[in-house]
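Two complexes come next, and they have one chain in common, subunit A, joined by subunit B in the first and subunit C in the second.
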Partner chain A sequence: MVEYIVRRTLQMIVVFFIFLVSSYLLFNAIPGNAFSNLLLNPNLPPDAYQKVLETYGLDKPLFERVQLYVVNFFKGDFGYSYKYFPKTPIELIAERLPRTLMLFSVVNIVAFYTGFFIGKVLAWRRGSKSETWITITSVFSYTVFYPWFALMMLWFFGYKMGWFPIGKFLYPEKWYDAPFDSDVIFAMMIKFVLVVSLIQFAAYTVTRGIESLSSRRNIRFLSLIAIFIGSYFYWNTGEALSRKPYAADIAYHMILPVLVVTIVAFAGTALLTRTTMMEVLKEDYILTARAKGISQKRIRDRHAARTALLPVVTSFIFTIVTIIDGSVLTEQIFSWPGMGQLLLQAVLEEDIPVAMASFSFVGVFALLAHLIADISYSYLDPRIRVKSQG
Partner chain B sequence: MSKDILIVDNLNMHYETLEGKVMAVNNVTFSVKEGESFGLVGESGCGKSSVAATLLQLQSDNAVISSGSIKLDNQELVGMTESDLRKVRWNDISIVFQGAMNAWNPVIKIGEQIREAIREHHPNNTKKENTDKISELFKIVGLDDSIMDRFPHELSGGMKQRAVIALALSCDPKIVIADEPTTALDVVIQDQILKEIKKVQELLGLSLIYISHDIAVIAEMTDNMAVMYAGSIVEKGPTASIFSNPKHAYTRLLLESTPSVVGEKKKLRALDGEPPSLINGLEGCAFSPRCPEPSDDCKSKKLDMSLIEIENGHWADQCCVNCG
Partner chain C sequence: MEIDELKEKNLQKQLRKEAIKRNWRLFAQSKLGMIGLGIVSIFLILALLQPFLFMTGIWSESIYHPVVGYDQIIESKLVVECPKEYPTPKYATFSECPAQGEVQKKMLYLAQGVEVGDMYDVYLQPAPPSAKHILGTDSLGRDVFSQIMEGSQVAFVLGLLSATLGVGISTILGTIAAFFGGRIDAYLMRQSDLVLMLPTLPLLFIISAFAELKIWHLAVVLGVLGGLGGSVITIKSQALQVKVKPFVDSARITGGSQRKIMFSHVLPNVAPLALLFMVFSVTGAIASESVLSFLGLLNIDMSWGLMIYLSQTDGFIFSGLEYWWLILPAGLSVTFLAGGFYLVGRGLDDVFNPRLRKR
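On to the complex of A and B.
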């Protein structure tokens, strides 16, 4: 297992270098040469001029420039934003990245679980009326043109019903005299979600060793209650209490994007789960499980869904890459000032340092997500796990 | 004389298909005594697995039991609710399926899959009790304890099959069905597994239903047997009696087409023709088109196909006894 992770990580690093170099070459190939354009920009202060020249080695041959770029990347040195001078791209990204991370991890997790759960139930209820209707709905949302659909939802829920905010990422009135930055709250929320899921995971892992099914269930239930009580106290004491309204504001603004992206993204997972699970249900070991007298629910979840999960995760790994273009679209539509918007604006306004830096970071982000998904896949499929040991 | 543990009485089951009803089990009647090994033999497609599935009430969704009863230790299984059946399955009656190689879920450890069955029926067992139980079973079937922590793909076919036998025994069932448990294995392993089952059966005094298309295996494995043809039992009785004195033309042909297991070498005879289609049922003797020596009666008239006792416990189709 360890060997597998190390090997995958090494592969990722190679892929990352290729990505880095080719992204440089791409920017280099922009008509009129984006890098030299930088120097021709009249808004550029003279001291920045010299700095830009040095940072990108613009007076050197291509090969050396690429080298310099890679080295600079690891130093975290991308020069300065041309639009937000004297801010550096890194500073901009540090502000934007948590927002994107938050929105997209929530969206992806929610969409994946919804899709998987619905697909599982569809396969299990095969032939029923509800199965037919939900399948048709899923096919619709799988094939719908996403930007149109998102705008329709925004129009309906935001404008027509007035349930959700439009065109803003936060309520500025609320934040105007806030004692802290929205990013602090973001970081805090991310930490909170992370800790809660880690505790959940730990509780699940520990209870796996308990033989009696009923006490296993009880303990898991208790741990859930403990988490609820714990979170209640956390948000109602000390520092967190004063931050609660702001966190709530962010959460409120997240509902609509999460809902819309989930509706669009769950369907692929649901349909694939349905198909693979229907295949799995024909397997002999399902019949054996039934013969053993095991409950229907346990057969569905433990035997059928668990095995059907494998191809679903594989396809999910491949779709992670679409987070990049997805984030650009979604953030634009829902006015979510994250990495996607940063990237889009930077490209449109030819703020090359920021564009390159955010492009590289989104790349790192996608590669990392890929790696994590890959590793969890190998954890799910013992056949891969063992092969890598031998 | 030990008591009957399983009594199947006049069982009729068919599959609803688009082409019509597939009459897979017709008027099947037999019983299995405590501690005996009972054989069910017949060529492919004659309905052996269908009988096995109905015994556990695990027949596929399109199957309909139109009449008959299955009594397991005085408990009627036909018409039992699903939740009651769940308690009976594996605890009272377990099965080694035909494709036993695929009986293991690929992503769960072998030990856990056995443990799961025990846990279901003995929810209060401690972890140690279950581990000990599995370890004891593994000893019986000749497996090492380390197999418990293996995944199915790490085992050879023979090991998987041994583990399946251990699985079938895990809840001390009153009766075990083995549906062609050796089909997917090579000949040498097949032989080992057969010996293993035989040994286990004798060691534990197990009631066993052994299903096979190979009458030679049935001879080796069973005390009593039934011969199935086209969904019906055409002859049944003590294995020795049927081998020495086969009454039905089909049984005779089966014996003659198998390399001799008992007694002198005979010339082999081929069993020509196809088994009949079971769709929408059959009139009269289903074997008549392939029968080497049908009498005139057999072909024309509607015959009484019920079984008749020829000698102590040995039954055969009435008409076949009369005309043969």
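On to the complex of A and C.
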């Protein structure tokens, strides 16, 4: 097991270097040398000119430039953004990242639970009419052309009904005399969501061992209520109280994106769960359980769904990779100024340092998620665990 | 001797026929797969119909061409003057004036000598659906139905091309990885790790922002990205399962060369899975193309994504359903064709994946 993890990590480090170099080469292959665009500006003062030359090593051969880039990457030095000049790409990313993380951690949690639940029911009711209809709906939402769908939802809920704001993540007039900037609130909200989901997860793991289905459900329900009461107290005491209206403003802006992305994203999990569930239901031990006379619900929840959870959890971890990837569209449509929008704008406006930094960052993020997925899969799947030991 | 060979050939043919028939029966059992096949064939007919209509001259290119066609649709409207205060006996609220078939005099300030009560010819752009234009025309007077047809041609070309390319690459690489193992295997697996890790959409943005992407280029890029990615791993594991089957061993014992075993024993057994991948990757390719042209990053004449892009930049999306023919057909086409391919894939999954079959 340990050997496997170490080997995997080493491989990942190699892959990471290849990724860095190839992303540099990709940018380098852009016609018209994107780096020297800035140098062509006649208004550039001589020392700035010198600085740009030095930062990117533009007067050196390709091999040395690549070396310089890798070194600079670890120093976190990408030069300056062309568009937001005094800011560095790292500062921009640090500013945008909490917003993206906030939006998509909530979306992923909601979508995963809905998807898993619906998939479970789908596989169980195989062949019934409701199964066909739910499947058609989830296939529709799985394959729906996402930007179009999001725009339609935006039109309906934001414009026609006027229930939700059309874009952005806050009302500027409410924040006019706010004593702190929005990133503080975002960081706080992320912490809150993280703690809540950890508590919920802990409650689930603890109650897993309880045999009786009804008492298990009751305990889970109690923990949910406890979370509600706890969060009520949290938001009404001390520092959090003064930040509550601002957090509420952000949360209000988040409702529509979360709803839309959930509708689109739950289907992937639901369909995957359905397939794996159906494979599991063919296993002999399910037949044995049926023959023993265990109740249907129990077979579904304890015998089948648990085994089927394995690939679904892995795919959930893999979706972390797509967080930033998919966030580009959502953020563009809902004008949510996060990482995805940063990357898209940087690419469109040829703000090369920012584009490079955010692209590399996305890659590193994806790599880490990949590594975690691999390790947790090897841990969860006894077949891999045993094989690597033997 | 020859007769025997002939017999064997006939037998093989018959066996193949029967296998196809059996698989078709299995496929036909899944309702969703058949629905998907129906949707895909409707779009295929649409894609093929347009050149046919142009060639036979039923549609004139100057009117119906999806990119440069133009049709004047003229409607005579009654010139009225909207009252300052509401409600009046004719109009209950502000938004009801001008009503259907009426035009405000204020809007015709460029036309000389138009009085209230006259009839005035208005060019309708976009024009609502009529017998001549089944789905109306867009803001430049181009036929929307013809654009949908052109879009489905683009989708089919792109989807099938990139899927074929991708699946070809991944089948060959996956089989090689399974067959030779060792360093080649390790290298190929790391390579597909790297490709899997690449954030696809941002990568496509970067490529398309700096290089003029045409539909062929996009197909190649998508195909290569898909072919080097995760499907190599799955096909490799399938090929590994085939490799240890007794018939491969017996082929080796009877002296079959490596290449012979790979191409005529292992590859055919991996092919069903590859076909499945192909169908699923068509869905992805169509979606990627639409997203890119929706963001205006593709150098393409007409596609479904571009239609939505145009209707968004022209501001028709937030006009709600008043201009539904500009908004719904393109979006629904992308959804339905992608969904159709997905459903076909699901149906094939039932055929090729015996564990999923109903008992």
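The rule we apply is simple: the second predicted complex is superposed on the first by the 327 of 390 C-alpha atoms of A that agree within 3 Å, B and C clash if a C-alpha of one lies under 4 Å from a C-alpha of the other, contacts with A are read in each partner's own complex, and residues count from 1 in each chain.
The criterion applied here is as follows: contacts are C-beta pairs under 8 Å (C-beta built on N, C-alpha and C of every residue); 3 or more make two chains touch, one makes a residue touch a chain.
Not measured: the values here are computed from a predicted model.
A.B. asks: More residues of subunit A in touch with subunit C or with subunit B?
C.D. replies: The partner with more contacted residues on subunit A is C.
A.B. asks: Looking at A:Tyr49 after the superposition, I want to know if it touches subunit B, subunit C, both of them or none. Which is it: first, second, both, neither?
C.D. replies: Neither partner.
A.B. asks: Does subunit B (first) or subunit C (second) touch A:Phe19, or do both, or does neither?
C.D. replies: Only subunit C is touched by A:Phe19; subunit B is not.
A.B. asks: Mind working out whether A:Lys282 is in touch with subunit B, subunit C, both or neither, as first, second, both or neither?
C.D. replies: second
A.B. asks: Please indicate which partner A:Gly293 is in contact with in the superposed arrangement: first for subunit B, second for subunit C, both, or neither.
C.D. replies: first
A.B. asks: Counting only touches as set out at the top, which of subunit B and subunit C does A:Ser212 meet: first, second, both, neither?
C.D. replies: A:Ser212 contacts subunit B only, not subunit C.
A.B. asks: Hey, what residues of subunit A end up touching subunit B and subunit C alike?
C.D. replies: After superposing on chain A, no subunit A residue contacts both subunit B and subunit C.
A.B. asks: Would you pull the subunit B residues touching subunit A in the complex into a rising list?
C.D. replies: 56, 58, 85-91, 94-95, 97, 99-100, 102-108, 115-117, 119-121, 123-127, 130, 151, 153-154, 167
A.B. asks: Which part of subunit C faces subunit A closely enough to touch in the complex?
C.D. replies: Of all residues in subunit C, those touching subunit A are 31-32, 35, 190, 193-194, 196-203, 205-207, 209-211, 283, 287, 290-291, 294-295, 304-305, 308, 312, 317-318, 320, 327, 330-331, 334-335, 338-339, 342-343, 346, 349, 355-356, 358-359.
A.B. asks: If you look only at subunit A, which of its residues touch subunit B in the complex?
C.D. replies: Those residues of subunit A that touch subunit B are 209, 211-214, 283-285, 287-295, 302-303, 306-307, 310, 380-383, 386.
A.B. asks: In their complex, what parts of subunit A are in touch with subunit C?
C.D. replies: The touching residues are 11-12, 14-15, 18-19, 22, 26-27, 30-31, 34, 127, 132, 135-136, 139-140, 142-149, 151-152, 155, 159-160, 275, 278-279, 282, 321, 324-326, 328-329, 332, 340, 343-344, 347-348, 350, 355, 358-359, 362-363, 366-367, 370.
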